[in-house]
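Chain lettering (A, B, C and D) follows the sequence in which the chains are written, and residue indices restart at 1 in each chain.
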Amino acid sequence: MLNVANMSASYGAIDVLKGISLRVEEGEIVTLIGANGAGKTTTLMCISGLHKPRSGQLTFLGQDIVPMAPHHIVRLGLVQSPEGRKVFPRMTVAENLEMGAYTRRDPDGVKTDYERVYSLFPVLQERKTQPAGTLSGGEQQMLAVGRAMMAKPRLLLLDEPSLGLAPLIVARIFEVIQTLNQQGTTVLLVEQNARMALRIAHRGYVLETGTVTMEGTGVELLADSRVQAAYLGE
Amino acid sequence: MTAPLLEVRKLTLKFGGLTAVSEVDLTVQEGEVAAVIGPNGAGKTSLFNAITGIYEPTSGEVLLGGEDVREPMTRRHLVQQALAGLLLGTMALLATANIDTMWLAVVKNRAEPGFSAGAMAQEAVRYLQALPRIEPRVGRFFVVSGDGKTTLGTAKTRQEALVLRDALPPQPAAATARWLRLLALVVGTAVGVAAARAVWKRTRRTPTSLARRGVARTFQNIRLFHNMTVLENVLVAMDRHLGHTQPWTHPSRRLDTLLPLGLLGMLLALVATLRLGDPAGALPAILLGAFLLGGIAYLVHIGRRGAFSQATLALEAAASDKALELLTFVGLAQNANDLSRNLPYGYQRRLEIARALATQPRLLLLDEPAAGMNPSETVALMHLIRQIRDRGVTVLLIEHHMRVVMGISDRITVLVHGKRIAEGTAEEIRNNPSVIEAYLGTDGEH
Amino acid sequence: MAALWQRLQKQGGIELLIRVVLLLYPFFPVLDWAVQSLTGQGIRLDRQLVNIFIFGLLALALNLQVGYAGLLQLGIAAFFAIGAMTTGVLTVEKYPFQLGFWGAILVAPVMAGAAGLLLGAPTLRLRGDYLAIVTLGFGEVMRIVLLNLENITDGPRGLNPIAEPWLPVFVKDTIGAEKAIYAFALFALVAAVVLLRLLERSRLGRAFVALREDELAAACMGLDPARIKLLAFAGGAALAGLAGALYATNLTTTAEPNTYDFNYSVMVLCCLIIGGLGSLRGALMGALLLMGFDNVVSPLLTRVLQKAIGGDSNFVMASFSNWRWIIFGAALVLMMRLRPEGLWPSRRIAKELHEPPAEVA
Amino acid sequence: MLDTILQQLIIGLTNGMVFALVALGYTMVYGILEFINFAHGDVFMLTSFLALTLVGLFDLQGASGASLAGGLCLVILTCALFGAGLNYVIDRLVYKPLRKAPKLAPLVSAIGVSFILQNLGLFWGGMPLKVFGGGNQAAAPKAFPDILPAHNLLGAGSGLTLMPKDVLVIGASLVVMAALYGVVRFSKLGKAMRATAQDPAAARLMGIDVDQVIGATFLVGGGLAGFAAVIYSLYINTIHYQMGYQNGLYAFTAAVVGGIGNIPGAVLGGLLLGLVRAYSDQFIGAQWQPAVLFGILILILIFRPSGLLGSTAREKV
């Protein structure tokens, strides 16, 4: 579905990605783990078109997406929920969700998706008319995921959904991710919380200083001693 | 027992409706390596920003060596605020009193008999009290009421006008004008003081003041001066310790370019004067020519050589030595003259540490120093942090890399969701059930 | 031709040429004087040159604020005006002060610098673009205030005559006041260049660079951004005040306050942008270019234009001086697009301008 | 005394409306791009020249009834379109290529554009048209004919004057502002504008074409400036090729006072500035007008750096 081949990227003179390759198949949850500064967020930025890679190929559903503008990529069904939530703080919850559906032209489908988001996150329905900036961190993260869902993604990119959240809420978010996946959305998940991420992921990649150093199924990586030492706190 | 080096009491940081840090306590003793850990977004960097004066805490205190880090109100601040008030008050007074006609009554009036500062001051005070005044206009002297609205008489000379003015009965109409001026003075002063206080309040705790109290830091997303060399980066941080010298006092040694050019100027001037057939003018022309050319040559000379005084040069040399020593300490001496933007990632992190050390801190805050480092670099970093501690600098770090944290920290604080959930030694933290649940992971793979 | 140009450039021929021309500067009055005595006709080059020196001084002042300290200042004309007005008030016969040229030259920069301090102290902590609007507003206020304080400034007529530079009698008799102002302006310009060059290389210069690159990091290293900026701001204002004093003395009047308007400020900014922000020779060359355009090219082209149009010489577009703001405006736009570092840039600032906005996430 | 105060209230409100309309253009662009569009005031100025030209072409001076109303609507419509188009073209040609450049570049470019437009205004004023006095004095202020009926709506004997043009300025401005508020608050485009202003990167990830939104913002801002230009000219009856700069300065001050980037703030700031200006003209003296307004700007920036309604933004470290 998504294929990243030998992609490099840099900020000014600093090379952040040094030729990484990864792929995501339809129906999978794939996770990308690694330390801060390893280049995870940059990888996602390149995929969703916010940052242009210096070299390498990026194809989604067989189309080359490197030259595409971010809003074209979204229209293809490749939607990202960014790191640190980035909800629109002075817009209401409902308006935030509406922004998620910005590219869509099917009002009926949008309506059912509202229902879907609200049933997954009942708290959002309660806060519908509240400005998003006044929500708690966990609620904002739910809103960010919900907002991305409104775009009817075929592939959902999630950047650190557990960032700064209490464990119970993290568990809830991961549950939702699995539900979404079962309902047919493919997920590429970038996480610091390697254990949780690997547990729900079909496959995973480990990123270190801009290169992919390991890959395998979630179970394999969880069992790998190097991963355990570096990312699982053992 | 002496006060701890850093003490954070019930610190809370709110942005809009979101609480980033909530009632966090943190103590760091002199000479230890302390760590703050917790999941991403738990408020660790916000805590650092509050400690280093970048964010103003919503509530709570930060104490350094037992003292509040906010600058106390000193006499200097009081004087500044008083001055600002006085200035704005005077400006308001002059505006309402109409400085333009005041000038007419004070300066222009005085111009004719000759300049006497005392008389002008007297006239100015009279004017401000809204007493009748004399205004010279179109060749005559007008006696005008204090509020400037009515002409009370005219005279041909100032002396006559003076007599006329002093013979006038008291002018009750001017009372309103007087009150208005007083009001302007008072309101202006009040606003001035309030404004100065507002500025002071906002600048009681700044990154600068904290750095000067001995708190240095590095940044999570490296913030070097990218277009400066490695050495310059360190020198900037040493600026405060360089002492005070005038940068442009000249050693006045080399007169080599000065002399010939001065002579050339003289010669040219001489030729010119002689050609004009006016030998009497030769001397001043020569002098001026010499002065001009010699002076310019002197300036060009010091400009080209960078004529700093011996003292300054010595200071700079000493500073460079010191900076090089620091660079050697972190292992970057061979890169001293590279642009910092061209350094590899791990080197940039170390340069940031060297730069922070150059401010001669008591407390060094490291924000994820191991981020983006490979395992061997990480080991070197741990070694470096221990060495820094051995130099007598207390270290407080944020780190995700558990091996680093557990390996070097004397004390660890765990922050989750903006709250402190645990504090203790590495061993205690490793076995603390709530930490395991919230951060390290619950299940039994180990 | 192009090849020759390139070769010259490579060998530093342009540099050499500039230096030779610069070296000739001190001799212009002498030259003029000689020509006049020999032929009975002056070439009057020195008058124009004084203006260029003064304008260059002003450009250097703005360069200190905008180029070094990175403060976008859009009201430099206000400080220039303060310098000129101070000189007027302190020297004209109708006021009792009469400090003379040297007194005014000493006081004018102090007054302008104080004004800079007063304006800067509360506002320099503001965001960069707010500062632009505050200085712009200050310039406008200063112009209106000077117009309105008619009893002090003589409003649109301006204060005059301003005292000639005082010189020892024997010198004055020989070279005259005009040459003295020439000599003094040139001297002031060279002195300013030298001092600023020293500043660039000093600790303070280093602090300026650090501040431009990353103010927050610099503050965390113990530099006081507010203080350093204030220093540059007040210093630039004082230098502009000095230029104003020289301007008024050269003109023998404080001129109409409307001279010192926003357009004037932008013209100075224009010559920095064209020459190269933060670059001393850029500022000087920019001043030379702009004054040259105004005084030489513009009248010339007006003549050509009017010949081409014929007849109605009252028509706006027939006078080339009416085109100057289109040209300056287009120059600013094109420079920002094609060569934001200016024609003769300082190496360091060129690099800063070409760097993509940092912020590595 | 009460009459004076009420009269100044009317003057202040009408002036404030014009400031607010221009300030909206500044604030909307600043909200998204964080740069001061110096040329905005000159778009306003240039459109007022178009308005005067059109008034001459349609021969509106002395017209009355339906032909006046129709002509006026046509003038307003043309001018709003012209302002919008001009602003849009400037953005595409000049600012768009500089989106990724350091902040100084668009700012300086905007100053450059401002000067180009000012010069064009000078040329325009020099055109040999009757309304411009035949074009012999290009730089002189131009009289804008008082085409609205000039009688006091409160009756000839009243101590207060309320002219049809006052009502027109306040009424039309309120309608336009309400429309703008509706668009920004409820339309899809308006929401996209707000989203882009709050977080451009996130907006991109939602599939919003940020470039298009920026273009639309310039269109709307220019349209408002064009509308304001007609209103202003009808009200003040004099236009000048340098008026864009001064009114732009006031309008920008209004935007900053209200909290830059904040749409209700711009309206509030505009009205506040209009009122302060009116009362300071009355009680302190018109010659001190810029000094008073400027003093208020500095005080607001000292006490509330983010303006009256602005929210504090924090630098991310």
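To be clear about the criterion, a contact is a pair of C-beta atoms (placed from the backbone, for glycine too) under 8 Å apart; a residue touches a chain by one contact, two chains touch by 3 or more.
Please read these numbers as outputs of a predicted model, since none were measured by experiment.
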Remotest chain, subunit D as reference, centres from CA atoms: A
Dominant interface by contact count, named by its two chains: B-C
Chain whose Cα mean lies nearest the overall Cα mean: B
Gap in Å, rounded to a whole number, between the CA centres of subunit D and subunit B: 38
Chain centre separation (subunit A, subunit C; CA means) in Å: 55
Whole-Å gap separating subunit A and subunit B, where each centre is the average of the chain's CA atoms: 43
Multi-partner residues of subunit C (each touching 2 or more other chains): 122, 148, 216, 352, 355-356, 358, 360-361
Subunit B, residues touching no fewer than two other chains: 16, 54, 195, 199, 219-220, 226
For subunit D, residues contacting two or more additional chains: 288, 291, 302, 311, 315, 317
Sites on subunit A touched by subunit B in the complex: 12-14, 35-38, 84, 89, 133-137, 140, 160, 162-167, 192-193, 195, 208-209, 222, 228-229, 232-234
Residues of subunit C touching subunit D in the complex: 72, 74, 122-123, 126, 128-130, 132-134, 136-138, 140-141, 144-145, 147-148, 216, 262-263, 266, 269, 273, 314-317, 322-326, 328-333, 335-337, 340, 352-353, 355-357
Contact set on subunit D toward subunit B in their complex: 284, 288, 291, 299, 302-303, 311, 314-315, 317
Residues of subunit D defined as touching subunit C within the complex: 34-36, 94, 97-98, 100-109, 111-120, 122-123, 125-126, 135-136, 138, 245-246, 249, 252-253, 256, 287-291, 293-294, 297-298, 301-302, 305, 315, 317
List of subunit A residues in touch with subunit D within their complex: 48-50, 69-71, 74-75, 79-82, 86-91, 95, 98-100, 102-103, 147-148, 151
